[in-house]
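Let me give you the structure first, and then I'll get to my questions.
In order of appearance the chains are A, B and C, and numbering begins at 1 in each one.
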Amino acid sequence: MAEITAAPPRAARRLAPEDARNAAREVRAQRLRAFLFVTPLLAFILFAFVAPIASMLFRSAYNPTVADLVPATLEALEDWDGEARPPDAVLTRFAVDLKRLAEERTSGQLAEEVNRYLPGTSSVVKSTARSLRRADDAALAEGGANLLLEADDAWGEPGIWRALRKSGQVYTASYYLTALDLEMTRDGTIQPRDTQIYLKLYGKTLWMALIITVLTLVLGYPLAFHMAHSSTAHANFLMVFVLLPFWTSLLVRTTSWIALLQTNGVVNSTLITLGLTRDPLELLYTQFATIIAMTHILLPFMVLPLYSVMRGIDPSYMRAAMSLGSRPIPAFLRIYLPMSLPGLSAGALLVFIISVGYYITPALVGGTDGQMISNIIAFHMQQSNNWELAAALGSLLLFLIVALYWLYDRFVGAGNIKFG
Amino acid sequence: MRRFPEYFTIWHIAGHYGLRLVAWLVLAFLILPILVIVPLSFNAEPFFTFTPGMLALEPEAYSLRWYQEVATDQRWTLAIRNSFLIGIAAALLATLLGTVAAVGLASPWMPFKRLITALLLSPMIVPLIIIAAGMFFFYTSFGLVGTYLGLIIAHAALGVPFVIITVTATLAGFDRSLFNAGLSLGASPVKVFWDVVIPLIRPGVISGGLFAFVTSFDEVVLVLFLAGPEQRTIPRQMFSGLREQINPTILAVATLLVVLSIALLLTLEVLRRRSERLRGTGA
Amino acid sequence: MKHRSLLLASALALGAQGAAAQDLTVTSFGGAYGAAQKEHMIDPYVAETGANILFEDYGGGVAEMKAQSESGNIQWDVVDIEVIDLERACSEGYVAVIDHSILPPGDDGTPAEEDFIPEALHECGVGNIVWSVIFAHREDAFADGGPQTIADFFDTEAFPGKRGLRKRPQVNMEWALLADGVAPEEVYELLATEEGQQRAFAKLDTIKDDIVWFDSWSQAPVLLNDGGAQMVQSANGRIYAAIEDEDAPFTMVWDGHVYDLDVWSVMNGTDQEEAALDFIKFATRTVPLSGMQDVAYGPTRRSAQALLPEEVKANLPTAHLEEGIKADGIFWADYGESLGEKFNEWLLQ
């Protein structure tokens, strides 16, 4: 029987050498067979999921755009000391490059890349490209430097050339620096940028996620407790109310909150009818809207693990403590709470991890101050088209999530996630 | 009147009822926001709010016009078709690959089990915006952005963890000697898999597939980044509707989706009971 | 069985893809304007040619075009674009150069080159409408007539309440300077300087707490209607349609309006360029263009203007030119990027 020959290796040690070899071979075959079963999915996930994540990480430090656009200018700039204005030959070469870009309609890309290192440069590059487009080729090759300086005297400053040279670096850590609100000065030291945006946003995201976690806990704990201590039939009935929102589309739930919170929405009309306020409150498109809608959406993620742990807690412990005269609150704190801790930590970490990376709900109900880090990543992906910065911000978020997931796995075990 | 143990004081009893009240309030918080959109979707006016007529229950304040609009607007019908198409294809792909893999993962001899499990479950934990950005960069080089195939692959990857979790859970109650018995009787592993394993774990496979379907059906971030106008799905259409022009058509769609999720919930409940009966564990 | 359904699904997917390749994606601004375009341009075109058109909405701006262009996934074919964004989209190659000789003459026989008003034939676009960014307020929100000028729009003491603005620097920067007393003809010159930009942001700062931002023109009348704002920036046609069709209690203010053209453009790199041009030729004929009067937008063909009744003409931006300024597409092509960046930093502050 296969079952006997394939006994676990520890038992094999006591067998005769030949049997042991057979057993070991059988184990190897079993290992291989098990692995073969996983191979198709593993290959699929590597292509469909892991490789995309890896390409994002790569993108955060790799940007060949400028190097592809103006290779000749960058080559000429290599020997420049970076102090005074580069020699006229360099300027002329750039003028020729820029005219070509203007004709190919790619000067906008160059403008945008250089602008990231020296804000305000975009308009200089674009207007210069516009005027060079009309320039005569021969005149350009001859006196391109002068044409450039005529178009905009910013080309006489060394700063713009340093920005150009810097943006030509194919591999760079500068997007990570920007994502951390830092910048590198000319002498190579790293200092905080003038405008602090992203760290503040990371902080706000973590803070909002924390509030949401605490709210789901405060709301979810009594509910799970009540369900866990009801009869099975009653608990199953109540479970429907938890599972229905869980199964309802995220967009539907977000839509509901828009209907509830808008200026003439259900909440405001109720408040006005009850005479609690005269003018409608500003609820939608605020941080408050993001927090309340996300609390609603993530509450089931808190209730489900809490419930499954509480269901397994023997009520006789509490009963014993209370019948021995313990007051309910101390009895709860000393006995019940510690026993429900696995469910609590599972739910809390799950909710926290999910909220940190949330995008849709803040985007729809958050207005300006209810935006989270995911929204700024989406902004740089879709609006400002600064994909490298988006990738760097995303990578930082990913590191954060992986750290949280590692915590989760350590304390709860990733395999223990259950649904329904 | 309910009987309480004799050591209960009045405070215990108050606490008991207080807790029950709180629990019901939380349930109301969970469920009411979803139900409030149902009557609003029958609004005769193009607004998102209850009109005075609706509150006075006047019949002419209600209408089916937004449902009509869903049924006739080309964009919504395309979105509905796309959602089912992509959802079904992604769920099938995820279920097929996930079920086979779960059998391997459930084996006690599986090498690197912990690492591989963590890897296969990771699409569930990584924020969608990161996945979306990564896929946008990577799929572009394969021409997969703006295609059905790209979306199906992307959504299948998101659905895989759910299949793994549900199928592994059913396999935990699966007697492996049945598999080995089949092998020792001379059947090929593939035949044993289809004829012996699959029928036994079917409830888990189906609920895993349903999870994968719902994941795709509800997903919007990847669609925002990877889909072209031709691949618009229901959530994508709702998202742009909520951003650009709020009108009750969205509420009509939302109501239909609530009905759909009730149906799904019931199906899963039936499956869960059957699975428990098969495994002889539940009531 | 699983095999079979999988095969079926893949067949379905492939079939759908095959069918979809024929669709022409036309992207415009939705709402009342989109409805008018659907009625007068899309539907007649579909009826005449049997083409399959996906009519998409977007919020304006060049970001989406840029993302498609830079990633090489061109998903739109025809796009309705504001001239304020067109210059940039054109010089950066997101939209294709259009040969104007393909355009049919007006219905009265005037050759296209003469029939279109001069600004309407752009290197990369064919004129659609003349429209304007105005602001409007609710009649019931203010006593004695409400705000009358751009300066009033920025005066939160005399006219308290929320102001809806589209979330972008365009027009908002111009208005800030106008409200700060800058002469209309000096606005763009000043905005090109660091001081001018700072002055505009400083003026915007004075109302920042009262601004409700929106992303798309179609949201403007909605905001005003549901009380989300007491005055909103809007494309004039949206407010006009709300007043005409729904009896909305809105008042339009023409002072300091920024008028502009909208054109049809073809995405650069689309594989349906021919079909896209064919649609544009149809949509910019005399009769389809004159249909834009439904939403108080002026057609860009003289032969179409001639078809308009006098009472309609009074509501068109062309009747109010001396009160407004013309949007400067070249300025925004040069400064859109850097001002966009500054604007977003300002928003996050």
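In the analysis below, contacts are C-beta pairs under 8 Å (C-beta built on N, C-alpha and C of every residue); 3 or more make two chains touch, one makes a residue touch a chain.
It should be emphasised that the depicted structure is a prediction, and the values quoted were computed from it without experimental measurement.
Compared with subunit C, the chain whose C-alpha mean position is the greatest distance off is B. Remark: the per-chain Cα centre closest to the mean position of all protein Cα atoms belongs to A.
For the pair subunit A and subunit B, the distance between C-alpha centroids works out to 22 Å. Note: centroid distance subunit A to subunit C, computed from Cα atoms, is 32 Å.
Distance from the subunit B centre to the subunit C centre is 38 Å, each centre being the mean of its Cα atoms.
Looking at subunit B, residues 47-49, 136, 243, 246 sit in touch with two or more other chains.
The set of subunit A residues touching two or more other chains comprises 262, 264, 381-382. Looking at subunit C, residues 226 sit in touch with two or more other chains. Listed in rising order, the residues of subunit A touching subunit C in the complex are 102, 104-109, 111-112, 115, 119-123, 126-127, 129-130, 195, 197, 201, 262-264, 280, 282, 284-285, 367-368, 379, 381-385.
Residues of subunit B touching subunit C in their complex: 47-49, 74-75, 78, 81-82, 85-86, 88-89, 92-93, 95-96, 136, 140, 145-149, 152, 228-230, 240, 243-246. The part of subunit B that touches subunit A in the complex is made up of residues 5, 7-8, 11-12, 15, 19-20, 22-23, 26-27, 29-31, 33-34, 36-37, 40, 47-50, 97-98, 100-101, 103-105, 107-111, 116-139, 153-154, 156-157, 160, 162, 165-166, 168-169, 177, 180-181, 183-184, 189, 207, 211, 214, 217-218, 220-221, 224-225, 234-235, 238-239, 242-243, 246, 250-251, 254, 257-258, 261-262, 264-265, 268, 272, 283. Across the interface of their complex, subunit A is touched by residues 61, 63-64, 66-67, 70, 88, 90-93, 162, 192, 194, 212-213, 226-228, 268, 330, 333-335, 337-338, 340-342, 344-345, 347-349 of subunit C. Subunit C makes touch with subunit B in their complex at residues 2, 5-6, 9-10, 12-13, 16-17, 20, 23, 25, 27, 30-31, 54-57, 59, 71-73, 75-76, 215-216, 218-219, 222, 225-226.
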